[in-house]
Amino acid sequence: MLYHVKMTVNIPASIKKEEADELKRTEKELSQRLQKEGKWKHIWRIAGHYANYSIFDVKDNEELHDLLMQLPLFPYMEIEVNALCKHPSSII
Amino acid sequence: MLYHVKMTVNIPASIKKEEADELKRTEKELSQRLQKEGKWKHIWRIAGHYANYSIFDVKDNEELHDLLMQLPLFPYMEIEVNALCKHPSSII
Amino acid sequence: MLYHVKMTVNIPASIKKEEADELKRTEKELSQRLQKEGKWKHIWRIAGHYANYSIFDVKDNEELHDLLMQLPLFPYMEIEVNALCKHPSSII
Amino acid sequence: MLYHVKMTVNIPASIKKEEADELKRTEKELSQRLQKEGKWKHIWRIAGHYANYSIFDVKDNEELHDLLMQLPLFPYMEIEVNALCKHPSSII
Amino acid sequence: MLYHVKMTVNIPASIKKEEADELKRTEKELSQRLQKEGKWKHIWRIAGHYANYSIFDVKDNEELHDLLMQLPLFPYMEIEVNALCKHPSSII
Amino acid sequence: MLYHVKMTVNIPASIKKEEADELKRTEKELSQRLQKEGKWKHIWRIAGHYANYSIFDVKDNEELHDLLMQLPLFPYMEIEVNALCKHPSSII
Amino acid sequence: MLYHVKMTVNIPASIKKEEADELKRTEKELSQRLQKEGKWKHIWRIAGHYANYSIFDVKDNEELHDLLMQLPLFPYMEIEVNALCKHPSSII
Amino acid sequence: MLYHVKMTVNIPASIKKEEADELKRTEKELSQRLQKEGKWKHIWRIAGHYANYSIFDVKDNEELHDLLMQLPLFPYMEIEVNALCKHPSSII
Amino acid sequence: MLYHVKMTVNIPASIKKEEADELKRTEKELSQRLQKEGKWKHIWRIAGHYANYSIFDVKDNEELHDLLMQLPLFPYMEIEVNALCKHPSSII
Amino acid sequence: MLYHVKMTVNIPASIKKEEADELKRTEKELSQRLQKEGKWKHIWRIAGHYANYSIFDVKDNEELHDLLMQLPLFPYMEIEVNALCKHPSSII
């Protein structure tokens, strides 16, 4: 099942650079593992923003929530979730 | 070059059913042609809404604008455009 | 799978009373059938508003979308959808 | 009498982990006691958010306010309250 | 039980003057009857606006909703409802 | 002359509990003195919020402003002011 | 007593040109009479908008409301009202 | 040339009282000098707010910007600027 | 003096195609004359929108307002105006 | 390819004056280098704001994003990006 997620990252100035770098490194690692597993189908950077649009393909709402909660940057992200369906005009 | 587009359709009640059906038929036809040409890479229905999230892959801003303006439902759509880049975590 | 849906109804003045009454009658009929089938688990009126909060229990995003699109009042409703999960504090 | 409440939790970074954990533990305890008493009828996690939709069944506005004010996380929550009524289409 | 209600009236231009005058006359009549019964405790005009702030004193959410739905101008009003409690600083 | 005032209190976490308690104690004292003088005619708690709706009855804009500025919690309140008039439907 | 008022005019397309011209003519006449009487102290056009910022000097909230309600364009204006006081830095 | 400016002051709690008092003292001094020079034509307190509406009469956009940037409280103000013209109904 | 103007066009469905075409033709003609005179320095289409960002170089607020009011599409445009200054980093 | 960018700068009070000055100095240096290279075509100060409207002329979305991310003040800016096209009325 597909979900559209917008993530906007705001790491507060009180987080030290080393900690922030470690958060980003583990975030990237987890993101790439989930991409390889086919659960995080797409991720695009929004030009000019520390933000991304992503498409998740997971079993259900529960799995989506669990994946997002695990993200190391979750506490510093504003998140918008929209459930998706196949579009009647889609050729796929 | 990639763009993220959200389209929300509002066909006013003053448009007759036949005219609306014809608009939707030609919209679908054009959408599917652009999908086959690889320019309209993705289109997803947003659950519960007469709206979609789409990804376009076009040469430049000009081509994106021209494609959107050609859509038969353009006059009845609210559109949001965001320029996209490759995300540093993307494995593609 | 559960979804939280807020529906706000705005029947335009251009719809005649008979047509509006017929829309409401068939809306109610369908709502009650879906409630009996266990798909529309809860529906509450929001005090002071022609609006409701509802909980749907359906197979997936697709089924939710199809149910909402079938509602006779769909063209006259503003809809907000949120995917739900079990809450860690819930005793149910 | 029923009320729909949305709670969005924002524990500031200045709260230490131990204190936050204690707040969450006592919040959960109180929530479950109120659920068992039938006052906190439903609680659902909103997918992708540290937030919930809840339904309270209490004697009056006063009791609702007193319950919410007692919540250990109250100072760190953004709250929206809507009074509910039986919906004319509800089969319950 | 007390509720704070803001009502903003927008009678569309398509309503004829006679009909609008009749709506206002019956609205006023009903408002004054409810005031005399003690259910519509206060009503104040907001300076510069075709709008009012009102305080209702009714048995429960159900009675509030039923009163508001009966108002002849209800279809032409934007309404905001807030449940009220006694304030700890109130001397009444 | 009447004014409708909404006050939403946000005492920052950096204020120590003793200081906050003292602010609330003096706020309550002043509020009750102004209520007894007939200048702060009504104050209601908004259910679920650390906020109130109040009605002030003062000589003019100047007196309203001076009263609000004197409130010990003024620096920590978001305030909305609306000038009121007698409503044509009011029976008082 | 002074009030700051922003008026934004939206004459609907359904009003005929002659009627709109007559409304504007009588609006201007009334505005100039109130300016001469010293009640409408200032009126400025907001560049690029069919809107104005105005300062009224009237006895009380009631008189302000009555003046605004009399304006021929009142039904077609969005209005914002703010009560003003002498500013402590003002040299007047 | 005239400009309408709304200034809303938010001095953060981290600024010490002496520093804040000194900022306000120099702000007032500069404001009064600019009023005497005829550049800051009007300043009104907005009742209930630490905010003002002001009218500036300066040579051009550049001079307006330079005046505002010089204000000691500029770093702690939210500012809205609107260019003004003579209103066709104005008798001045 | 420079101004930044955003114009968003919404021609209502009630305007006939011939009338709309004539409005667009005269709008274009006037826009190009003002561009040649150096008053409308820049105009860019916003991709995906029937909207433009423009830079005007005029004598004062009055001239800007008069130019905008003359535009044939003015009644069907939502307009935002911002006064501009030379930027301290600009090399021009 | 052209992009319209609005940048609003908010340097937090926690940044020391020397650091802020160094950020602004290097920001200006980079801005001027990019202007000389023709990539940052225009930059205007918005009167009354610590903000600018800019026009970038770059190869693609990727280059725009990379330029913006390099700006020393990027972490302290709120940014809005809009893709631009040639306007059909433009004489250039």
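First chain written, first letter: the chains are A, B, C, D, E, F, G, H, I and J, and each begins at residue 1.
Everything below uses one rule, namely that a residue touches a chain if its C-beta (ideal position, glycine included) is under 8 Å from a C-beta of that chain, and two chains touch if they have at least 3 such contacts.
Being a predicted model, the structure only gives us computed values, none of them experimental.
S.K.: Which chains make contact with chain B and with chain J at once?
M.R.: Under the touch definition, chain B and chain J have A, I as mutual neighbours.
S.K.: Can you name the chains that touch chain B as well as chain G?
M.R.: Chains that touch both chain B and chain G, as defined above, are I.
S.K.: For chain B versus chain C, which are copies of one sequence, does the interface use mostly the same residue numbers on each side, meaning over half shared, or is it different?
M.R.: Different, since under half the interface numbering is common to both chains.
S.K.: Averaging each chain's C-alpha atoms to get its centre, pick out the one most distant from chain A.
M.R.: Computed centres place G farthest from chain A.
S.K.: Averaging only over C-alpha atoms, locate the centres of chain B and chain E and give their separation in whole Å.
M.R.: 44
S.K.: Take the average of all CA coordinates in chain C, do the same for chain D, and state the distance between these two points in whole angstrom.
M.R.: Here the centre of chain D sits 23 Å away from the centre of chain C.
S.K.: Can you work out the whole-Å distance between the CA centroids of chain H and chain I?
M.R.: Those two chain centres are 29 Å apart.
S.K.: Residues of chain I touching 2+ other chains?
M.R.: Residue numbers touching two or more other chains: 2, 45, 47-48, 61-62, 64-65, 81-86.
S.K.: Identify every two-chain combination in which the chains touch.
M.R.: A-B, A-C, A-D, A-J, B-C, B-I, B-J, C-D, C-E, D-E, D-F, E-F, E-G, F-G, F-H, G-H, G-I, H-I, H-J, I-J
S.K.: Provide the residue numbers of chain E that touch chain G in the complex, in ascending order.
M.R.: 13, 45, 47-49
S.K.: Under the definition above, what is the set of chain I residues touching chain H in their complex?
M.R.: Contact set of chain I toward chain H: 1-3, 60-62, 64-65, 81-86.
S.K.: Quick check: in the complex, which residue numbers of chain A touch chain B?
M.R.: 2, 4, 27-28, 31-32, 35-36, 42-48, 52-53, 55, 82-92
S.K.: Can you tell me which positions in chain H touch chain J when the two form their complex?
M.R.: Going through chain H, the ones touching chain J are 3, 5, 12, 14, 61-62, 64-65, 68, 79-81.
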